[in-house]
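The structure under discussion appears below in the form of structure tokens.
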């Protein structure tokens, strides 16, 4: 039995409606409890800002595509190298660090739960292997269904229950957490070197449209009773004028779930572009934010771009090829049979580049224009918009108009005419930041009931204590103090253990992996469906029996059983 | 007992449809595997227990003694080399990386002498690739360049290309064209629709010429390039541009010849160029069943796929300097741990001369050429036969190998974990 | 006569690779595949022994006619025999020139050594149990 | 100030020593520096007999002289920005990496990666330079971007790979792939070399001898006079849509 008592914490805990109260947090065997004995170890938080451990609801940290980003980038690895020290392993890398590098740096910033944004089912085992070596965060994986042959056939046949059954079988097999659609239909078209232009453009051969894929899978998601909603990377990422496609996609979504959104639209910054080409490229953050304000069924994340070097990586293969043709840097692509694909290229976002400057502004605008912080979460689509180590700077920008103006003065001068940012006065407060970085993320992922994103009794004892007294800091002026505090916790507590202290990690932990197992009726068990089995055997190159990820790959196994309505 | 869907631990194809018949803890029959895989499953003559070289003779020792010997050896070295890794499971490779970090040594895997140059090329220009099933279901043009699957990857042709059924091909054998490019008229060349014979050392020039022709700059190209006529080059370029889905599979014919990684870079740039016209992919014919896994594991743990030097605590990567052949030939290590490979059979003699001068410990199920240079050899279970664990197929698909029979041998992971624990204890003291 | 020596994988090398102490492995990896015309010129019959001298020494192999190789080149399966004469330089890439060595070939009366003998020549100790 | 470092004979002489601390400006604060042999950290005076004559206030006034068996001494002069290093014998890999100013003179041969990613200053090598002289790093980074490297002997393969600025001159022959991936700068080879300018984008490559294995993707433009040589001018590498200039005295295709 291990007991820990955090005294004098200045707590913001949005999921419990707590906004800045001094209180003690009692921890017993990794869980938050009402009280502990006098024997408990005590940490005096001395009135410092104390939040639930950070949750990143969309990041790329583990798996085939991330590792290929590392593999092809020895120049990136030269930055950020640290030696083995005590229980800590060596790390390398800046935009695509090693697993330990990711884990330690996230931990120092107070993050304790991460969702890998894209896992190809056929290569799921790889993602899970890397999770094991991401020791200081609990992990879960979005599973890609954007170009799944069996699903597209079921959609063509109008059989949503079969769609749900295939998803259910696959999630269970690959130990996935949620459904990810990346450029739905586009990744299949890309296996012919083609793409789909928007949601009404049919996928070659399968003759279903992205709109049909999105709608059917959203319905299937609710049939399966999954904790998270469908997680959508819209078609047409990164192209001028794509905002109308984005609005069209969001407009497809009914409100089907009382507890959470029905659709999570990811890295919307990359989907909020106006203009007809790069010459008249401009921000369309306003129509997107207004649209989302009116629809509680939508949650989005920012996908903020920050200036500097990074590596872009996404399941959106055709988009990466277009980027390659623009930059002519190195380009990798990896198509996955019957399922999806991915692409990777390194990029540098430059202040002196007009398009990059506009992109930078759009992400901030989305966060500032969307009324409810629960509907626009803080991400960079790590590492696509920027490596996650930039989050503290983004927090600073959102909390300080002064900081935004100072930065704005350094970017391309024509930006002003293309974006609404300079006119936005809003400065987010501490509570809103807490929503956007943990509470809102946990709610959107549907894991608050599993003890994530809050500090209520029964919750996992994941706590971030920042070296900052919020009464003594005016974030709109002292933004540098805000940035420094969010860069290094005073304490990061994971499952009741202090894992990081003042910028240094202390222990080699062990992660827990969350995954879902929808219970379906016998008739919808794809493992026994002759047609599914036959096609699997004929067209995959892996035997069906060798496809599922064994439980050996889960360090700590957090299986979520759901009651499916099929 | 018959074990179905076993995974073949021989080549990078990692075929997972093998049936293995086991009687009395012995493999008695193997179905579906090629000759290479069958022989491996049926392998006998394992080393029975750990051995120690004692002057001019070999002495049996216990596992504890052997593990202690290895730990002491690694801890006292100023620059130990931990080499091999392609013939074992990923879980053991992970322990290997931890050990290299701990003792501040150099860890390298067999890719430095197979597709290391391909990795160097990918690091310069990237890699447009795909899983094997994408090619099987779609490709109407397959090019084997400097690779000879009939000898090295016997089922590649039947499972994924020439003889494979494909979803989008009505009659795969008829509708799929195969081009072979090589300096030898190999058996694979005999089943090709078009054979391009290149003069030795001429791959780079031919690839450059094809890139220019694909761009429409045929005029500049001389009448013959490395023994290939301009007419044939134009024909090949047109076959590529007119394909719906083209796939290049290249082998050591490109990585081992003069120019090394520049050959691969050129091939990748040709494929990137063709991607402007149609769908094209390129992939390496990885040799050992889990050599790709050793790259994957090294990459997520150290940041680099092979040739990692932890001497200074942080990871340093520079193939040509931090790779096994260079280090051994230049005598720049003072101890070696060999796991899952046989450098004495596959390295130039100068490397072996240094192996003879330094302490060497090897983990391997069989006596092999490297045994002769060992101070200690520790026999282990064979991954895919009496040990299970993760392996990565040549296209990056991870598959868990199965255990088809039980023996008393420890797995590589178990032996290495013990070694690592001993070293950790010693360092803490 | 001077030849370009290429080394590479063969099925037989692969089949015997896990049993390196076997006579089959030694036989396969000490085979030098040559063009018929080159063998005629050197007065060689299939199975005759030859001395192959490379940048790093010499080794005895057996000649075998092959339709796959061109005149002026020879092919030797990967293994200890070829590596006995291959130079260790990698041109700073990590990869030796396994496929681009010039070698000198002449007939000889000597027999190829065993793998054990080759290893012992370099300071190893054969294990034979 | 003159700092003399005479390498002591070492028992384990084959393990390379990394000595990036040997840079003129570091000696302004004394000789209490560290080097590494494999994974062991050693004091400078454990490896060298150290003597200092005179004093200096700025790096420009410091000369470091290295003698003895220094062929396995790596990273000497890394990030050097002023002053002078003289190596009486051979020098190990990575000498003068990232150098931005000052002078390094090697009287013997230099091992691989001499002047890698160099940005300024001067390196003179009286003997041969091994592979990757004035090149970039793995991953296709830029090679040399400024400064001068002059090699009086031969150079190995991948000479000036990815060079983007500055000048490299080799008086002897160079190896394979000289000036591969050039994107700027000037490379001059007085002797022969193989496959010069492969995949070049920009920059100028001069070969006063024969270009062996000349690549088929260079377009012949005509002849020019250059420093007393009559050279054939090519544009390329057209495979890479390159706008580089390749000048050769003579060439042979692998046809």
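Chains here go by letter, A, B, C and D, matching the order in which they are written, and residues are numbered from 1 within each.
Here, a contact is a pair of C-beta atoms (placed from the backbone, for glycine too) under 8 Å apart; a residue touches a chain by one contact, two chains touch by 3 or more.
Not measured: the values here are computed from a predicted model.
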| item | value |
| --- | --- |
| Any chain that touches chain D and chain A | B |
| Central subunit by CA centre of mass proxy | B |
| Chain whose average C-alpha position is farthest from chain A's own | C |
| Distance between chain centroids, defined by C-alpha means - chain B, chain C (Å) | 22 |
| Centroid distance [mean C-alpha coordinates] between chain D and chain C, Å | 37 |
| Geometric centre distance via CA averages, chain C-chain A, whole Å | 56 |
| Shared-contact residues (touching 2 or more other chains) in chain A | 72-74, 330 |
| Contacts with two or more other chains, residues of chain B listed in rising order | 120, 123-125, 201, 258, 310, 312, 317, 319-321 |
| Contacts with two or more other chains, residues of chain D listed in rising order | 112-113, 131-132, 137-140, 176 |
| Pairwise touch network: line, ring, star, complete, or other | other |
| Complete list of chain pairs which touch one another | A-B, A-D, B-C, B-D, C-D |
| List of chain B residues in touch with chain A within their complex | 4-5, 7, 16-17, 90, 94, 98, 101-102, 119, 122-134, 136-138, 159-160, 165, 167-168, 244-245, 272, 275-276, 278-281, 295-296, 299-305, 310, 312-315, 317, 390, 392, 396-400 |
| Chain D - residues contacting chain C, complex | 112-113, 130-132, 156-158, 175-176 |
| Residue numbers on chain D that touch chain B, as the complex places them | 12, 14-16, 18, 36-40, 72, 93, 112-113, 131-132, 137-140, 176-177, 180-181, 194-195, 198-199, 213, 215-219, 237-241, 253-255 |
| Residues of chain A touching chain B in the complex | 62, 64, 67-68, 70-74, 77, 81-84, 89-93, 97-101, 122-123, 125-126, 129-130, 133, 191-193, 205, 321, 324-325, 330-338, 341, 344-345, 538-543, 545-546, 550, 552 |
| Chain D contact footprint on chain C (complex, rising order) | 91-92 |
